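What follows is a single structure, written as structure tokens, with notes after it.
By letter and in written order, the chains are A, B, C and D; residue numbering begins at 1 in each of them.
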Amino acid sequence: MKEFIEHLYNELEFLEGLPFIIPFIIGSFILAFIIINFIAVFAGVCTYIERKVAARIQARVGPYMVGPHGILQWLADALKLLFKEDTVPEKADKLLFKLAPFIVFAGSFACWVALPLAPAFSPARLNIGILYIIAFGSSVILGILMAGWASSSKWALFGAMRSAAQIVSYEVPTGLTILAMLLITGTLDMHNTIAQINLDGTISGGQSQGLPFPLNYFSTNADNFSAGMFSWYIFRYPPFTFIAFIIIYICALAETNRVPFDIPEAESELVSGYHTEYSGMRFSFFFLSEYANMFVFSAIITTLFLGGWLPPFNITGSLLAPACGIILYMLVKGKTTDPANRFIAFCTGAGIGIFLGVLSGDKNYWFADYLGIQSLRFIEGLFWFFTKSFGLVILMMWLRWTIPRYRVDQLMELCWKKLTPLAFINLFCIGILEWLYK
Amino acid sequence: MLWFTKYPVENLLILSSAVFCFGIYTIVTRKNAVSILMGVELVLNSVNLNFITFSQFVDNAGISGNMVAIFVIVLAAAEASVALAIILGIYQNFGRVDVDKLTSLRN
Amino acid sequence: MLLDFGVLLLYIVIACGFLTAALVAGRIIRPNKPYKDKLTTYECGEDTIGTSFIQFNVRFYVIALIFLIFEVEIVLLFPWAVVYKNVGLIALIEMGVFILILLAGFAYVWSQKDLEWVKSEIETEKEHGTNL
Amino acid sequence: MSLNEILLNIIFYALALTGLFSSFMVATSTNMVRTAFSLLGVLFSFAGLYGLLRADFLFAAQILVYVGGILVLIIFAIMLTHKIANVNLSNESTSSSTVIAVVCILFAVLVFIALTLPEYIKINQRNKPLTEMIGNNLLSDSLLPFEILSVLLLACLIGAVYLARKEVKE
């Protein structure tokens, strides 16, 4: 963000006399406003998609009345929440009851500051990026406890205590896994984490690294080889980084209170957990921050494992993938009516296209380079970053209807007896490998 | 005027001593053991602020004060966990955590 | 760097401002007809019973306690992870010692069954020596 | 005074006032849970001050350990030692004019010391990010205290868990 505004500041002549801080604040303000509205729309669209995914999985239609295929349902929901009466229970601690949504929402919104959204672009570049995000992510616990206690309702209090215990527990494997990835990346700055990946499979800055053990087979001559998506951190030390990815994804589910870990708001026993007493707009902000948190976690995983804004395949691949997909889709379309089969056919075609792209040996990964317009990289990076993160969010929704809810003791056992020891072993293994292959 | 940008050290020291005094006041006057612990946290925080201030403005490398502050934070965590465990124990045995009522060990 | 922290502050302020604006907008257009029954605590339509005491299980505290110790450890390990590449073997050994000492504590807690949320009834009976 | 300095002043005084007010509430609030959430205000404002002093790692550690850890532990302990469903958890305090006078004198002495300090050096310029320097320091100069810390944490873990668990069985 700073570089971007500096650039504008130097280019635009009418800003000459102004101190730099003024355009900087205005620019940051505009960006923050865009992001906050994005969160609101994102949460709305997510509820719509979630209901559609649920309906598809349960062989229903889902929302259908408002707009074509119910596509405006989320707007109607938002309007409804705006018009709902906002009750504060008589016995509640009024001040804390009203303060809690602020803490929860500000905590989850502040996490967006350090996310690397596009090449050379994130709202702010903090030296301690990832540490800062998990710190602010954990401050949400306080908001939840505050909401639960201030409602002075048993459901809310139980839900809040359970939620706090759950989030707190799953923070341990999350932290250990992020530590393991930090050994590979060597920087806390989220922006540098991606910026130092070269698409030929090396990491720039510090020592130059070739690909690690199984992949270095291909890269004997780095000049002739372009790793593409194999340069992402998830492919660095294959079994261990995969395990790390799975651990942190499970933890992300647990920390955002998603099914199968939604004990805090298990509607069959606790009504709806810590926000039982909330209604109208206040409730909707809890809701909003939950979806914002889902996205933040997906974005962290995207940055640490899936190469952030980097394009996954070269230009031949990215042109061939949709083309082959559509061809196969057309071939299958006449023979089957089941949309699932058509989808599988499309995916197979896309896979073939990507494979052909890899075989072609094309080393152009950015359309921006191909077209010779460097500023296009910004939009391309933005596209890839949001596509990957959103894919992980969709996966969360999918899992909701696939896996039954955990009991509270199973939840704790999974965290402390399986994930934590696994994360420790993983940390050691990655540490040793990193030392061997440095 | 005592502007922060002109006299940063003085400003920070006055702030931290005020918080320190509030902490001491809490420790002395509160009856509840958990509240007393919160007073201790206030004191530790004010001391931390002093360390970091001096680390920033006096130390050339700018690191020693930060190191001490980190150790203080870790010790605060250790102290809080043990103290609260003891308080919980007292509550289980006596049904209260008011320090002025807990006199059974006096004789 | 201060500028970046300033952006962070700005974001927090904007989040609070956005929430306030939404609440104020809601206040203008939404109805507001509170009455006594509506403002009671939600308890499935029943009158609230037993406001005085809910005894939480000490296990909540034990879990939070174990978490706190590990959290502190993780915070201390972050600077180590950042310099790990430049220091090499010594860093690996030192941190191995650090983690192993703490893992001893983890093993102790595990062996004492403090990580288990619900102890099975039979085990509880064994500990209490009752024989039902 | 330039615009940047004015902004810095505003931010500092806002943080300082938040911290002062919150710590005042910690010292005087009559509601137990509100006391704990006032402590949250103190912790956040101090974290902000660390940020203002360019101690970025401390900023994160403060929020992660104090806010996300110690405060949660304190709130859990309050929930476990009080009749929690009662909103007005009382938090008694015995205050006398003597105590207030002694604390005021203490404050006066501290302010006097702060204002009579010798002239100080300018803001130092670190050439490396703070986290990196701390990492190097942990692996060289403060290695021994660092390893001792792990023993301390081990003792804490075992001791506190033992204390807390013993009471469950009785």
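Quick notes on this one:
The rule is short, and it goes like this: a residue touches a chain if its C-beta (ideal position, glycine included) is under 8 Å from a C-beta of that chain, and two chains touch if they have at least 3 such contacts.
If you're wondering where the values come from, they're calculated on a predicted model, not measured in any experiment.
The pair with more inter-chain C-beta contacts, choosing from B-D and A-D, is B-D. Put simply, the C-alpha centre of chain A and that of chain B have 37 angstrom between them. Inter-chain spacing, taken between the CA centroids of chain B and chain D, is 6 Å. Centres computed as Cα averages put chain A at a distance of 31 Å from chain D. Averaged Cα coordinates give chain A a centre that lies 21 Å from the centre of chain C. Chain contacts: chain B has residues 70, 73-74, 77-78, 80-81, 84-85, 88 touching two or more partner chains.
Residue positions of chain D touching 2 or more other chains, listed in rising order: 7-8, 54, 56-57, 59-61, 64-65, 68-70, 72-73, 76-77, 79-80, 84-85, 130-131, 134, 138, 149, 153, 156-157, 160-161, 164, 167.
Residue positions of chain C touching 2 or more other chains, listed in rising order: 1, 5, 8, 51, 54, 56, 58, 60-61, 64-69, 71-72, 75-76, 78, 81-82, 106.
Under the touch rule stated earlier, the contacting chain pairs are A-C, A-D, B-C, B-D, C-D.
Residues 7-8, 11, 48, 51-52, 54, 56-57, 59-61, 64-65, 68-70, 72-73, 76-77, 79-80, 83-86, 131-132, 134-136, 138-139, 143, 146-147, 149-151, 153-154, 156-158, 160-161, 164-165, 167-169 of chain D are the ones touching chain C in the complex.
Contact residues of chain D toward chain A in the complex are 2-4, 7, 31, 33-34, 37, 40, 56-57, 59-60, 63-64, 67-68, 71-72, 75-76, 79, 84-85, 87, 129-131. Interface of chain B with chain D (complex): residues 3-5, 9-15, 17-26, 28-32, 34-35, 37-39, 41-42, 45, 48-49, 52-53, 55-63, 66-67, 69-71, 73-78, 80-82, 84-89, 91-93, 97-98, 100. Residues 58, 61, 65, 68-69, 71-72, 75-76 of chain C touch chain B in their complex.
Of all residues in chain B, those touching chain C in their complex are 70, 73-74, 77-78, 80-81, 84-85, 88.
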